[in-house]
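In order of appearance the chains are A, B, C and D, and numbering begins at 1 in each one.
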Amino acid sequence: MIVILKQNVSKEKLDAFVKHIKAQGPDIHFSEGVHTTILGLVGDTSRIDINLINQMDVVDSVRRISEPFKVVNRKFHPENSIITVDGKVRVGEKFAVIAGPCSVESEEQIIEVAERVKKAGATMLRGGAFKPRTSPYAFRGLKSDGIELLLEAKKVTGLPIVSELTSLANIDLFNDVDVIQVGARNMQNFDMLSELGKCDKPILLKRGLANTVQEWLMSAEYIAAGGNENIILCERGIRTFETATRNTLDLSCVPVLKEKTHLPVIVDPSHATGASRFVRPMSKAAVVSGADGLMIEVHNHPEKALCDGAQSVTPDQFDDIMKDVLRLCEIENR
Amino acid sequence: MIVILKQNVSKEKLDAFVKHIKAQGPDIHFSEGVHTTILGLVGDTSRIDINLINQMDVVDSVRRISEPFKVVNRKFHPENSIITVDGKVRVGEKFAVIAGPCSVESEEQIIEVAERVKKAGATMLRGGAFKPRTSPYAFRGLKSDGIELLLEAKKVTGLPIVSELTSLANIDLFNDVDVIQVGARNMQNFDMLSELGKCDKPILLKRGLANTVQEWLMSAEYIAAGGNENIILCERGIRTFETATRNTLDLSCVPVLKEKTHLPVIVDPSHATGASRFVRPMSKAAVVSGADGLMIEVHNHPEKALCDGAQSVTPDQFDDIMKDVLRLCEIENR
Amino acid sequence: MIVILKQNVSKEKLDAFVKHIKAQGPDIHFSEGVHTTILGLVGDTSRIDINLINQMDVVDSVRRISEPFKVVNRKFHPENSIITVDGKVRVGEKFAVIAGPCSVESEEQIIEVAERVKKAGATMLRGGAFKPRTSPYAFRGLKSDGIELLLEAKKVTGLPIVSELTSLANIDLFNDVDVIQVGARNMQNFDMLSELGKCDKPILLKRGLANTVQEWLMSAEYIAAGGNENIILCERGIRTFETATRNTLDLSCVPVLKEKTHLPVIVDPSHATGASRFVRPMSKAAVVSGADGLMIEVHNHPEKALCDGAQSVTPDQFDDIMKDVLRLCEIENR
Amino acid sequence: MIVILKQNVSKEKLDAFVKHIKAQGPDIHFSEGVHTTILGLVGDTSRIDINLINQMDVVDSVRRISEPFKVVNRKFHPENSIITVDGKVRVGEKFAVIAGPCSVESEEQIIEVAERVKKAGATMLRGGAFKPRTSPYAFRGLKSDGIELLLEAKKVTGLPIVSELTSLANIDLFNDVDVIQVGARNMQNFDMLSELGKCDKPILLKRGLANTVQEWLMSAEYIAAGGNENIILCERGIRTFETATRNTLDLSCVPVLKEKTHLPVIVDPSHATGASRFVRPMSKAAVVSGADGLMIEVHNHPEKALCDGAQSVTPDQFDDIMKDVLRLCEIENR
């Protein structure tokens, strides 16, 4: 962090400022020029609130050089993190594919889908039991029954399960869920993030609808700062002016994240595009862009799906997608 | 809602479709043409999930004509709603001004600010006790002590108090808070919205960072559908590509909302612009655009504020803003 | 501009770098620390290409402190600029109202509209002769005949005329036009801007659909750098995710611009909102936000307008808007 | 196009409306219901201005069913178009790679880069002679000398050349240029598009900074409607709130375009990401997403480039990218 002081700051005020900064950790490096004094704050500045510095009366302006996140920063942890799920799936090491319906609807549905996606090569099963819906009149999930059905499907197929938590009030129901998903709308639900930092379960942290990569990493830092570093990031499209797709898949965030953090990154082409026919090309693109995995919505009867049918592929379509994905993984040594 | 059927749909399938729709409430009006059959769904279609209709096999395409919200829709409630706070402030009837610091920091601070803003003409006091912060290392509020200090300031000044709820886990602490604020990041926290629909306390619902007016009204509908129609909407700027201001104040949403809903709408120029020097012109603009009130951050020592000091005005600056605001209110008969 | 050097730069390379910078004008101020050397580039850095500096091999990073525009910068020209149109209208001194149809369609239309808007208090007449249209099949204006009709209307009413130039190929037709409008889609047509810098006619420079305030001022700088400082800026809404209005009026850009530049700023609520019923509240908001004028689309028969009828107000509606606008101007001493 | 009439429209007015529509081409199909009459406009509605219809007094609302572009619409031209450049490169048939510097700077530079990219497998050479620059003080290209140097490089390597036209005033200089590029900022320069519709040279039409896919295709329609169907579309990133990359690459527009149009689509990862280290993963992603080619900035000394050095790869890096690209093309049978 570089602080440019105002001109003619009194020694008294400057000393007070220096003391204030050092109390927070960083050391200070002075560069005194003829007209300007510039301070370089050296060390861990992630805990410094740049806005507070900026409004102090000795300060002309301040610029952050290093990023405001630390535990999830690749700079301090150069090796890729590998997140182990249910003792067997190692996300970040081998390409991971999470597949399943938007929402769990019935035993028949979830078992059939689970068996089909496993056969095609998926490594985890997804399914929503609690669904965040824009309208209060839409189907909002089977709730605890949905979790039960997922566990049933896990028993049958052996696939670890991933499901979204929409409220801390329900967290006890997720004891046997293998990966807790934090949805886009909760990416900045800081109370939820803090609480999840206290457990050691893998967290799938989706990117918020209109959040920058830096804000996303700050949310990961919330979980990690609490002690839980088992975090998988998931790009699911951002909101832009374009309406030809449901959201705009920001695929270039994959190499950006690979540079900034050691956490694994997966891509959800279903929510990003909102259309089942675009899932295949975007899944392939995700593999070669360097992503660590995919999250794909699969439904045995998309036309009857209670939620997001338009973006769900059938098990047959998923078979085709997986053929392409696995072939590209092979070529890319993933 | 208008449904265009595919060509050559069998009578059997059509009958099943019609039965399916009617079971959800609306009546159907047929327009059979030479090549196309168009169905008009008449009546309350707010509970119809347009995506589910769209993916049904007899359907070519579907367009929504009426809006998917009902309780908050002006069409079904042409008169303006007036929200009474603490038995005395009537939002929607008389121009309301909510003022106070971003976060409650000390007794001295909140009492001084409360007294100053009251004297200048504010009708409610704001103050954050629980603060959502992007960084886990930033100040997150005095929590229950903050609520206590707000109640203390209410006792001294008589001003009703407004404070943000960030997690349902703390809701019991808000029993004596007059208006519960739902922040931008929780606008689509549907579990929170549903829960707030069960109480009868006034809710200040801020617009999400990147949410459309329609999504915002759907979130209001969540609260209203639960039985609580005491909702005040608050525009606080949206996220765009522009960085000269912290967010982009979407002031034209005021007349848009006045057309679509009967709920009162206030404007927060502090968060929208992120800079105290832009609060005055935007406050004035809000008055004449037809807004029902303002929410302004005021701090007695902005340069020492633990949060959002850059956008907080001083009590003296607030005096000047209020002079302008009150003069415009008089001219506009508000 | 602050340049942070890489560590251990050889004296030779540093000397070459310093020579390179000084050759472009600025002086250099050294701040040598233990680990880092920071250079402050003092003086006029508007001609320095920050990207070129950034990629040089001695440079670790570079930050711009001052803005990259100079002639239009308020810092170097603290007084408001006043742009005189046709020897009588002084934009920036007295509130200016430009009104008229989106496109000139007939003598009857333009004369009737011109007479009505003049009577209501407009100070200039607008009318499109060359229309940029998204579809190649839409009406694209009466071209030179449209200019003739505008001149005819000027003769009748005395109102100076404003019309949009869409191609330098037609510039000779604009000899008698009082203000040349550069439309949103041409805001970064740098060849056009450079050419307009060579004349001394007032230029109305609309903000691009998705351009930042800084880019807009850089486009003004293009015109000004060529020698023509008769520039009026016009905010007309930006593109965002919101679709309830045609564009999103960024009204807070008015005080932002007032701080950054000495040029006058007017607001076009017709294009910004795209709906005639929102023109009145946004016109009022523009006045009190500090804008120097308005540009409003008026058509005698909006339902038959060949272009943008939905956003055009009738002469009667314009009368009402002007009553409000003039009353607010009086209160604001404008 | 579906028109919903207002209730109780007189027969007289309806007849006039029907006559008005039929005069523009489409036939009308009536669906009369109890309360509503719906008209289906059948046939070519691309020339109908939906806004004009919407504001007519008999009309309640109107919805477009088919797209407003025709010549470039895949519906009317199901086969992929193949654009032949310089009699040998067939874009749309075989994967095309356009490579070269942002701007032509010297004979040594352009010849060296041309030879290197040819050797690596590029099929066309790019180079800017006229550069649109945000600042009037930045390098704006060698102009006619730049074109001369490109032709020289073509003579040496045989590679067809691609260069950007920034003003119709210079079009004669482009007689020997093989592909005329229309830059992002000119995507809606309708005068330029119309003019280019009159020649038969291949046009590379870049997507505008903040333009939708539909607007982009309407711009292609401008060129095609004039008679020139030799159009190559180029995605180069769109403007969003994210700043980690220069723009946001909208890669899902590739399958969207493949559905809507028969024109070939290429991707420019250099401008989209703005950082040379992200060009490789995004180039690979473009291949497997179904793009017909790439446009990549290559400079022999990026650190000295007069323009966009940060996003230019070196010839050695380009060699590596091409190895990956060609391997993926082989697997994908492109």
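Definition applied: a contact is a pair of C-beta atoms (placed from the backbone, for glycine too) under 8 Å apart; a residue touches a chain by one contact, two chains touch by 3 or more.
Just so it is clear, the model here is predicted, and its values are computed rather than measured.
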| item | value |
| --- | --- |
| Any chain that touches chain C and chain B | A, D |
| Most distant chain from chain B, judged by the mean position of its C-alpha atoms | D |
| Same-residue or different-residue interface between chain A and chain C, half as cut-off | same |
| Superposition of chain C upon chain D: rotation angle, C-alpha, nearest 5 degrees | 180 |
| Identified repeat of the A-D interface (over half of residue pairs identical), from A-C, C-D or B-C | B-C |
| Distance between the centres, which are taken as Cα means, of chain B and chain A, whole angstrom | 27 |
| Distance from chain D to chain B - Cα centre to Cα centre, in angstrom | 40 |
| Touching two or more other chains - residue numbers and ranges from chain C | 210, 239-241 |
| Residue numbers on chain B that touch chain A, as the complex places them | 46-47, 49, 51-52, 54-57, 68-69, 132-140, 166-169, 185-186, 188-194, 209-210, 215, 218, 221-222, 225-226, 239, 302-310 |
| List of chain C residues in touch with chain B within their complex | 210, 212-214, 238, 240-245, 248-256, 259, 272-273, 277-278, 281-282, 284-290, 327-328, 331 |
| Chain B residues touching chain D - in the complex, by the definition given at the top | 2, 4, 29-36, 38, 40, 42, 61, 63, 65, 210, 239-241 |
